[in-house]
Amino acid sequence: MTAGTAGTAGEKDGVIVSVTGLAAAYRVRGEDSPALAGVDLRVDAGERLGIVGESGSGKTTLALALGGMLPRSCHLSAGRIESCGTTVRGAGGETADAAQLRALRRERIAFIAQDPAASLDPTMRIGRQFSLAMRAQGTPMTDAAIDEALAAVRIERPDEVRRLYPHQISGGMAQRVAIAMAVARRPQLLIADEPTAALDAEVRTEVLGLIVRLAEEHRITLLWVSHDIPAVRRWCTRAVVMNEGRIVEEGPVGTVLVEPEHAYTRQLVNALRAEGTEGDGR
Amino acid sequence: MRRLDLAVLRRRPGASRDPLMVAAGIVLGLLCLLALVAALVPFAGSPTEISGPRLSPPSWEYPLGTDSLGRSLLPRLLEGIGVTLVVSATAVLITAVLSTAIGIVAGYAGGWLRETVMRVVDVLYAFPAIILAILVAAVLGAGRVATVSAIVLVTVPLMVRMIAAQAATVAHRDFVTSARISGVRLPVILYRHILSGVGGTLAVQGTYALSVGILVEGGLSFLGQGVQLPQSSLGLLVQEGAVYMVAAPWLLFAPAAVLVASILSITVIGDTLRDRLEPREVRSLA
Amino acid sequence: MRAVLRWTLTRLLIMAVTLLGTSVVIFFAVRQMPGGYESVVLGPLASEEQRQAAAERYGLDQPVLVQYWHWVTGAVQGDFGISLVSQVPVIQELALRLPVTVTLALMALSAAVLIGVPLGVLTGLRSTSRSGGALGRTVAGLGISVPEFVLGSVALFVVSSVASCFSVGNLASLSGEPATLVRALVLPAAVLGLYCLAATARTTRDAVMNVLVEPHVTAAVARGETPGHIVRHHVLRNASVPVLTLLGTITAYLLGGAVIVETVFNIPGVGSYMVTGLGRHDYAVVQATVLLAAVAFIVINTVLDIAASLVDPRVAAAGGRR
Amino acid sequence: MNVRQSCTAAAGILALTLTGCGGGGAEPAAQAEVEPGYLAVADDTATAEGPVTVQVDYDSQEDGGLDPQLATTARSWSLFGLVYETLVTVDAEFGFQPGLATSWEQPDETTYIFTIDTSAQFSNGRALTVDDVAGTLERLKDGVGVWAGQIGPVDSVETLDDTRVQVNLSEPYTPFLAALANSPAGILPMEEIESGQVDIATEMLGTGPFVMESHRQDQNWVFSRHDGYRHAGDVLITELRVDIVGEDATRQAALREGSTALANFSNVDALSLLANSGATMYSQQQSDFYYILINGLREDSPLNDQDLRFALNAAIDRQALSNSALAGESAPTGVTPSNLPGACDPADLPSAGVGAEGAAGLIEASGYDGEPLDLLVYNSEPVLGQMAQVIQQQLEAAGVTVNIEQLDTAAYYERTHSTVPGNFDMALGWYAGYGDPAMVTRWWNPDIAGFSAAFAGSHEDLNGLIDQAAAESEPAAREQVFTELCHTVDEYSEMVPLVHRPGIVGLNPDLLTMDLAANEGYGDFLRYLPTARPVSAG
C-alpha cells in the first residue's frame, strides 16, 4: 500500500497539496455529470490560495476532494491527490482508507464551513463542543485554554460565551468560534469554503481579516474557496480561476484578478465589477 | 447549485423515479379505478344481493367466495374500497379546507388569535384518536356522518398545527413583507403567498391524514360503530372476516390485504411527497 | 436557563387550560349521547317513577352546570362518581384496571424503546444505501399499516389453535400479581408493540436522517471524528426530540387504553372499561376513562415538552414548538 | 369410547367434509339429542371434584344490582339462579318439578298450596321458613320489577303452618308455576332483608348450590360450593368462576384452548367455527324469539294502515331469514313460542300463506307511496344487523325501500320505547319466550306491558284473548285460544314474531360433562351447571 504513506517528502519540499489530472463526476439519476475535468493544482506551504469561479465550476468539489470529503454520489475517475503528505488518491486509483482520511482531517487539514451557526451542534454548549473537538484529536483542552483560544478570535468575554449554546450567539460570533476550533488544532492546511457567505458585509471583512491573521500567525497554509473576487484580491497571495471543472487561469492575485489573460476570467471580473459590490458571497 | 453535502449525507433520488412511489401510486390508482368502475358498472354483481350459499370458498361464480349471508364478496369488497376511500377522502378534504382556513389565518395573524386556536386544537389533540372517534360515534350515532366527523376531528389538530407553523414561517419571508408594505390587500396576501407557501405541508399532512382516516374507519367498524348496513367498508369487511377466519379465511384476507395495501401505499406516497416538498426545517425545529 | 424556566411555566399554564377544556368537552359530549343513561340501566321495561328515582340517586336531575361542578371538584380529589351499572365507585374499578393497562403499556413501550429506537438509528445511519433505505421504509410502513384489529384477531386464533405457552382466552380474571400479569399480557403487548415499534423505528430513522444532513454533523466529519463519536455525541441527542415526542404520544395512547386490543383480548384495562361504559351510557365511567386518557396525554406531553427543552435548548428559545 | 365422544368425532368429520366440499355452515354441526329432551347428559362416571370456569357473553347490569326480583335479562336470571332457588323448577319438557317446594296442590283454580322443603337453609346457616317464601312473593307482587307482571294476579299470600304457604290468585292464571320457576321468583332471606342485615342489591344470600364470593362488574363472578345446600352431595364443582367475555372470538379462543369449560355464543356460526376444535357444540332451541316492531302509532305514517303492516309482515320469509342470517339454526314462530307445549303452528298464520308475490300485491294495493322506511337494530347483537339485511332484501323484492339504522342500545330504546309514539318505522328485537306460551303473549297488551304502548295499540279483542290464554288451563282449549291469539297478533302486525333465537353453547368435554336440555325457556344454559361434573380435577 502506497496510498497515504507517502511520508513527509511533500512537507520538506514545502508542497502542501499536489493534485494532478483530477477528474470527478456526480452521478445523478443514473447519469454522470462531470464536476472536475483534469485539474492540476499545487499549493505551497505558507501561501494563501484563493479558488474563484462561478457556482458549479467545481471549486467546492476540488476543496472537498483534498480532504477526502466528497459525497458518495461523487466519484473520482482519474488523477492523483496528495494532501499534507497523505496520498488521498494515487495515480492508479488506489485511495486512502477511512482511518487515514480521518487522521488527515484530524491532524493536518481543517475546514471552515459556510454556515457558521449551523456548523455548531445546537444541543451543546460552546465550551463542551470545543473540548470534544479537541479530545477527538487527542489533545484535551482546559477551560482556560478554550477561553484563550476564544480570546484569540477576539471574543470578548470568552468564559461567558463558553457557557452559551450556539443559538444564543450571533452568526459572526459563531463563525469566530468555528475558526477558533479549526485553528486551535494547528492544522497545516485550512480550507475555508465561502466562510463568510452567511454574514453581513461589516462582519465579513472582520472575520476574513481574522482568518488571514491567524493563518499567518500560526503559519497555516490557507485555501479559500470564494467568488468574492475583490476579497480574494485583498487577502490572498495567489488565485486559481475555475470554470466548468477546469483551472482556466492561475497566478499571483495581482496578475490574475487585475489583468486577467483568459477570456472567462475577464468576464468574471467584469461581471462582479458591474455589480459594483464586493460580491454578496452567494 | 452548491454541493456542500458531505460523505455521510444521503442524496435523495428523484421522487418520480422512485420505484416504491411508482408502485404505491399504481396500487392506489388501481384500487380507486376498480371501485369507480364497480360503482358505475356493477360488473362483479350486486354487493347486497343475497344469492349464494353461505361462506362458500372462492369459485368462478364467486371469485372471492361468499360471506355469512351468502353475498358474493367481490362486489362487496369493491364497494367497500369505494366507501372507505370516499369516506376517508371526504373527511380529509374537509379537514384540509378547515385546517387551511384556520391554520393560515392563525399562523399569519399570530398573537392571541393563534394562541386561542392552538389551545382549542390542544384540547382536541389530547384525545387519543380512537377514543375521540368512538365518542363522536356515540354522540352522533354510528354511520357515515359520524365516521367522517370523527376522522375530521381526529386529523384537524395536527394539520392546523402544521399549517399554522408553516404559515407563520412564510408570513415572515421577505416577499410577504414587501407585498404587505406595497399595500397588497390581506386576502390577496393570504391567498397568493401564504396559501401557496403551505401547499407542500398540506399535501403531506393530507396524505397522512388519509391513512389515519382509513384506520379510524376500520377501528370504528370493528367496534360496530362504522358505516350503516348493508353498505360495506374495508373496516367492516375485515371485522366480519375476522369472525370467520377459521372457516372462511378468504373473508378476512382479501379485505385485510386491500386495507393494508392502501394504507401502505398512502404512507409511501406521503413519505415521498414529504421528502420532495416539505422543507426540512419544519421537521427539525422551527 | 431563564428561557427554560419561562418555557416550563408557559407549558404548565397551557396544560391547565387544556385540561379544563378537555373536561368540558368530555362532560358535555357524554350528555349529548342520544338515549340518556336510564334506558340501558333500567331497561326499556322500566316505569317513569323508576327513571326519576335513578336520576335523583345519581344527581342527574340537577342543573348541568351544577353536575359539572360536582364532577370536576370530585375528580380533582380522585372521586369520579359511581358507576350507574355496577354502583361501585369508579375509582375503585380504575384502581384495579390501571395496573393492567400500565403493565400492558410498559410492555409495548419497551418494545418501542428497546427495539424500535436502535432499529431506527441503525437504518437511519445506513440510509445512504438506496435499497436498504427502501426496505427499511417498507418494513416500517408495513408495521404501521396493519391495523391492530387484524393482527389481534389473527393472533387470537393462531395462538388458541396451537398448543402454546400463552393463554389468550382467560384474561378476564387477570389478577394483580406482576409475574402472571406480564406473562398473560405477552401476546396483546406484542400486537400493540409491533405498531409502536414500527412507528418508533420510522420516526427515529427520519430523525437520524434529518440530523445527518445538518451542517454540524458535516463539520464533525470534517474534523476527522469517528462515526461512533459523531453518532454518540452529535446525532443521538439531536435526533431525540421528535422521538421523545412520539414516545409521549404512544405512551399516552397506551395509558388511555389501547381500546381495540383490550377489546379483542378481553383485557380488563381502562380502554375496555371505556368501551363497555360507552355502550351502557354509564356516564361516570365514560367521563372518568376518557378524562384519564386525555390527562395522560396532556401531562405526558407537557413533561416531554419540558424534557425536550432540556435536551435541545432551541426548543425553549423558539418558544412554541407545538 | 362413550356415545358422546363418537358423536363428537362424527360431527367433526361431518364439519370437515362440509368445509372441504364448500358446503359452508349451512348444515348444523351441532349435536342431536342424546336422550329425549336432552342434547347432553352428564357422564356419571366422572366423580372428581374441582373448580370450573365458564364464560358468558355479558353481565347482569340492572339498576337493581343483585336483587333477583329486578332482574330483566336472561344472563342475570342464569347467574342469580346459581344462588337463589325457586319453589318449582322447569324440566326439559316444560313440566314442573319440585324446587324449594317439595310438593304443591291446587284445591281450586285460584289457590295454590306449597309445602316447603324444611331441610333447605340459606348460606348463612339459617333454615328456610314459610315466612321467607310468603315474604318473597309479597315483595315480588308489590315490587316494581318486570316480573311482577309475570307472576300474575296474586291476591294474597298466607302461611298455613310451618311448612305450608298458600297463594290466592284473584283469577285463574295458568302460567303461575312457570312464572315461579324463574329466578326473579327466587326465594329471598326475608328475615335478613327486613332486619337490614343484608342488602340484597349488593349481596347474595340464597339457599342454592353456590355462594357468591365476589363479583366484579363486566369482569367475573366467583362462586363457591354451598356446603349447607340440601343436595350438596350432587355438586362436584368446588369453585365456579364465571368470566364475562364480550367478544365472541375471544370466547371461541378460550374454548378452543381449554381455558374455559363452557361458553355461549351469539353467532350461530360458532357451531361450524368450533367444529374441529375439540369442543362439543350444541344448538339449544330456545323459546326466545326475534320480533319486528312495525310502528302503527306515528302520525302521518303509512304504517298506520294495518293492511300495509300486514303486507310487510307477509313479505318476510321467515324460513329464508333463518337460513341466511341464522345458519338454519332457527325456525319460524308465532307469538306463542313454537317449541312450547300447546303453541300455535306458525305455518298456519294468515301471513304465512301470502307468499312473496301476494305480499307485493298487497303492498301495492295498500297505496303505499314508496317512501323509504327505516328499520332500527341495536349493535350489541350483530345478528340483528344480519337479519335486518335479509329483511331489507325481502322487502325490496316486495317493492319497499328500507334503510337500516344501527344504534347503540340506549339510542335504540330512546326511539323505540321511551319516545311515545315511537320515533321509528320498524325495529328488530327479541323477547325471552319463558316456559309457558301464555307468558310472553302478555307483552302484546300495552296495558300490562307499558313499554309496548309506544308502537302498539291496545286492542280489546287481542287483550281479551291474552287474558283468556292466561286463564285457560284445559290443554285443548288453550291450544285453540293460542291459535286465535297468534292469528290476531299476525293481523294487527304491530309486534310481529319472526324466528326463534338460537342458543349456541360449547362444552369442552375434557373439562366438564353436564346435562343440556334441547329446549330452553329462560335462556338459562347454566341451568344444569350445579349437577355438572368436572372431568379432570384441577
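Going by the order they are written in, the chains are A, B, C and D; count residues from 1 in each one.
Everything that follows uses one rule, which is that a residue touches a chain if its C-beta (ideal position, glycine included) is under 8 Å from a C-beta of that chain, and two chains touch if they have at least 3 such contacts.
Molecules present, by chain and UniProt name: A = Nickel import system ATP-binding protein NikD; B, C = Peptide ABC transporter permease; D = Peptide ABC transporter substrate-binding protein.
This is a predicted model, so every value here is computed, not measured.
Asker: Which contact partners do chain A and chain B have in common?
Answerer: Of all the chains present, those in contact with both chain A and chain B are C.
Asker: Would you mind checking which chain's mean C-alpha position lies nearest the centre of all protein C-alpha atoms?
Answerer: C
Asker: Can you compute the centre-to-centre distance for chain B and chain C, using the mean CA position of each chain? Integer Å is fine.
Answerer: One centre to the other, that is 21 Å.
Asker: Using mean CA coordinates as chain centres, what's the chain C-chain D distance in Å?
Answerer: Whole-Å distance between the two chain centres: 41.
Asker: Quick check: how many Å separate the C-alpha centres of chain A and chain C?
Answerer: That pair's centroid distance is 50 Å.
Asker: Quick one: chain B and chain D, Cα centre-to-centre, how many Å?
Answerer: Using C-alpha averages as centres, the distance is 45 Å.
Asker: Two or more other chains touching the same residue: where does that happen in chain A?
Answerer: As it turns out, chain A has residues touching two or more other chains at 69, 72, 113-114.
Asker: Mark out which residues of chain D touch at least two other chains, giving numbers and ranges.
Answerer: Within chain D, residues 249, 380, 407-408, 411 contact more than one other chain.
Asker: Could you say which residues in chain B touch two or more other chains, in rising order?
Answerer: Each of 4-7, 9, 13, 138, 141, 242, 246 in chain B touches at least two other chains.
Asker: Given the complex with chain D, which residues does chain B contribute to the contact?
Answerer: Those residues of chain B that touch chain D are 48-50, 53-57, 59, 66, 68-70, 138, 141-143, 224-225, 228-230, 242-244, 246-248.
Asker: Which of the residues in chain C end up touching chain A in this complex?
Answerer: Answer in residue numbers: 128, 214-216, 218-226, 229, 233-234, 237-238, 311-314, 317.
Asker: Mind pulling up the chain C residues that touch chain D in the complex?
Answerer: The touching residues are 33-47, 49-50, 54, 83-88, 93, 96, 153, 156-157, 159-161, 167-170, 172-173, 263-266, 268, 272-273, 276, 278-281.
Asker: Can you check the complex and tell me which residues of chain A touch chain C?
Answerer: So the residues of chain A touching chain C come out as 67, 69, 72, 101-107, 110-111, 113-115, 118-124, 132-133, 136-137, 165, 167-168, 178, 181, 185.
Asker: In their shared complex, at which residues does chain D touch chain C?
Answerer: Those in contact with chain C are residues 53, 55, 61-63, 65, 72-73, 144, 146, 201-202, 216-220, 241, 243-247, 249-257, 259-260, 277, 380, 407-418, 449-451.
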